[in-house]
């Protein structure tokens, strides 16, 4: 079984098509299951009442946003180092879903902040770092959008992603440091209520659902990018012939 | 050969003094806007002074990035710089050093004048200058990556700021943290040493990333 | 929901809007490029598209 | 010895040329011809190492130019479409900077002599932006006189030059070829050189 032939976009296209339902359907199932566990099985928290149920989507989306950035940078670096177009396309496909998850975690984070701290935006270390991560995503997406030549866009994006990955820990550390500097004891966003098993179960189920969702959406967008790139190449060849 | 790059860029900057000065005037004007916006009472101004001066330094040094590669790209000298027998890493370092000498250092030396406007005392002014002297090279180094990536793109200036500002945040935090610490009398070795660490890290990584970005943009 | 209904349902509504929106945008993008592909291949030989390629 | 094997180039999504092969021994000249947009400039930039080939390989003295890195540039002189001059600097300053960057120190009078040879006598001290396009092109060409690079890559060098400048450039190239140098030039101008050292490559 020669795996190498799937490295070329045109061969990977049908394979991706077959894989999508295998990820999309389980993702929907897990979502429903996770929500059911989160809302009916998990008890009401004595401290925060039912407001804490927001963390079932807030925490997984924050993790997804973070991990997809690292995955994007990995694919971009591979695409640049080995001149593998498919891998660079993968990075571009991941970037939008990653940005979506980061934005989602910010929205749910602030909606959760209101009942627990009384304000929509808390300059907490994790929320602020997630905001900066969103800026890094926006930088990557807008850089790739403003370059017409695809191979330059891929490689320029790769450089930015690698520089971004080196900076992410520094940014997280500096925000953490800044947070302790100005607020003394940092109020932990999670509030660390006793995590009852069903709560943790709900969160992990939804995390798995987000994972499957991301793979499905990224594969669809990847096929879309392959089609659009091959189309322009075909037109160009056609026009020149 | 490294000397030639720096000499060349310094003479060029000297010949087009106007837009070098405009970066400094921008810094001056932006900082002076804040008291007009917030009100003249000094204890409030003293509180916000580190942040204001540092954000203005950030924006001013980002404006000066436009000059780093853009006109060399237009007149074809950038290609020649890529074809010199010395490593591109050194060429980039030379250009960034020249840019820093022309925009970063005067910025830092001018900052005490603004500090006084904000009611900062002698010792803090000294810390302000030191933190800016340590910080502005990092701004130039990281900014050079963005300048190389957005070479020749439409909407370059705006795109450059979207790429580079998030990467500037650690420098902003450590820099203004140092000045803030000296105002409140807390130990400022922590933030200055962190700033120094970021400087060393960007001195090592940034030129490599910039030369890779230059090769990509000039394909 | 103990008085927090607005925030809990609000955040799940946001989840629906963002994740659902992403899928809808993606599917519409695919439909759009399929139409373009059909319009080019329908005209045999000569390449005619609704927007000129540079 | 400059060798290219099965070179291919893809710009954006268009394949400009493929399977280009040539071998240039000392004292030979390759003239690259073809309509606009056929990839002449891309081929020349590929030879300089500015553009990575999509397929194939270029070897200088039997070593791949990408593995040679900066060493390769000591033996290369490239003049592209754009002159590579700074508008604010005078020809003398431009020349001295160019030579300084390649490691050879050029004094003020040496620069003046070279500029005199290129036909810029008396205009050495004017900022380049005042000079005409032809004069700026001559200043760019002056770089060829001062560098000792055996490989010259010239892109449309003869455009916007008057007849005396064209004669000067062709004599320069002939002298370079006789001394055992290699030249790759993209132009429609015919050079009168001995047949065995004259190769043509048509990218139509």
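Think of it as A, B, C and D in the order they're written, each chain with its own count starting at 1.
Methods note: contacts are C-beta pairs under 8 Å (C-beta built on N, C-alpha and C of every residue); 3 or more make two chains touch, one makes a residue touch a chain.
Every value quoted in this text rests on a predicted model; they were computed, and no experiment measured them.
Peer 1: What is the graph distance from subunit C to subunit D, where chains are linked when they touch?
Peer 2: Contact-graph shortest path, subunit C to subunit D, evaluates to 2.
Peer 1: Specify the chain with the shortest distance from its C-alpha centroid to the centroid of every protein C-alpha atom present.
Peer 2: Of all chains shown, the one whose C-alpha centroid lies nearest the global centroid is B.
Peer 1: Report the chain whose CA-based centre is farthest from the CA-based centre of subunit C.
Peer 2: The chain farthest from subunit C, judged by C-alpha centres, is D.
Peer 1: Weigh A-C against A-D on C-beta contact pairs and write down the one with more.
Peer 2: A-C
Peer 1: What is the distance in Å between the mean C-alpha positions of subunit A and subunit C?
Peer 2: Chain centres of subunit A and subunit C, defined by C-alpha means, are spaced 18 Å apart.
Peer 1: Please report how many Å separate the Cα centroid of subunit A from that of subunit D, as a whole number.
Peer 2: Chain centroid spacing, subunit A to subunit D, equals 48 Å.
Peer 1: Find the geometric centre of each of subunit B and subunit C from their Cα atoms only, then give the gap between the two centres in Å, rounded to an integer.
Peer 2: So the centroids are 41 Å from each other.
Peer 1: Between subunit A and subunit B, what distance separates the C-alpha centroids? Give it in angstrom.
Peer 2: Centres of subunit A and subunit B (C-alpha means) sit 31 Å apart.
Peer 1: Quick check on subunit D: which residues sit in contact with 2+ other chains?
Peer 2: Subunit D, residues with two or more chain partners: not present.
Peer 1: Going by the contact rule already set, what residues in subunit A reach two or more other chains?
Peer 2: 148-149, 151, 232, 236
Peer 1: Pairwise, which chains touch?
Peer 2: Per the contact definition above, the touching pairs are A-B, A-C, A-D, B-D.
Peer 1: Considering the complex alone, what residue numbers of subunit A touch subunit C?
Peer 2: Residues of subunit A touching subunit C: 35, 44, 49-51, 53-54, 57-58, 61, 96-97, 100, 103-104, 107-108, 111-112, 114-115, 148, 213, 217, 220-221, 223-224, 227-228, 231-232, 235-236, 238-239.
Peer 1: Would you pull the subunit A residues touching subunit D in the complex into a rising list?
Peer 2: 148-151, 229, 232-233, 236-237, 240
Peer 1: Per the contact definition, I'd like the list of subunit B residues that touch subunit D in the complex.
Peer 2: Result: residues 1, 3-5, 7-8, 11-12, 15-16, 74-77, 79-87, 215, 218-219 of subunit B touch subunit D.
Peer 1: Can you name the residues of subunit D that touch subunit A in the complex?
Peer 2: Touching subunit A from subunit D are residues 10-15.
Peer 1: Along subunit A, where are the residues that touch subunit B in the complex?
Peer 2: Within the complex, subunit A contacts subunit B at residues 132, 135-136, 138-139, 142-143, 146-147, 149, 151-152, 155-156, 159-160, 162-164, 166-167, 170-171, 173-175, 177-178, 181.
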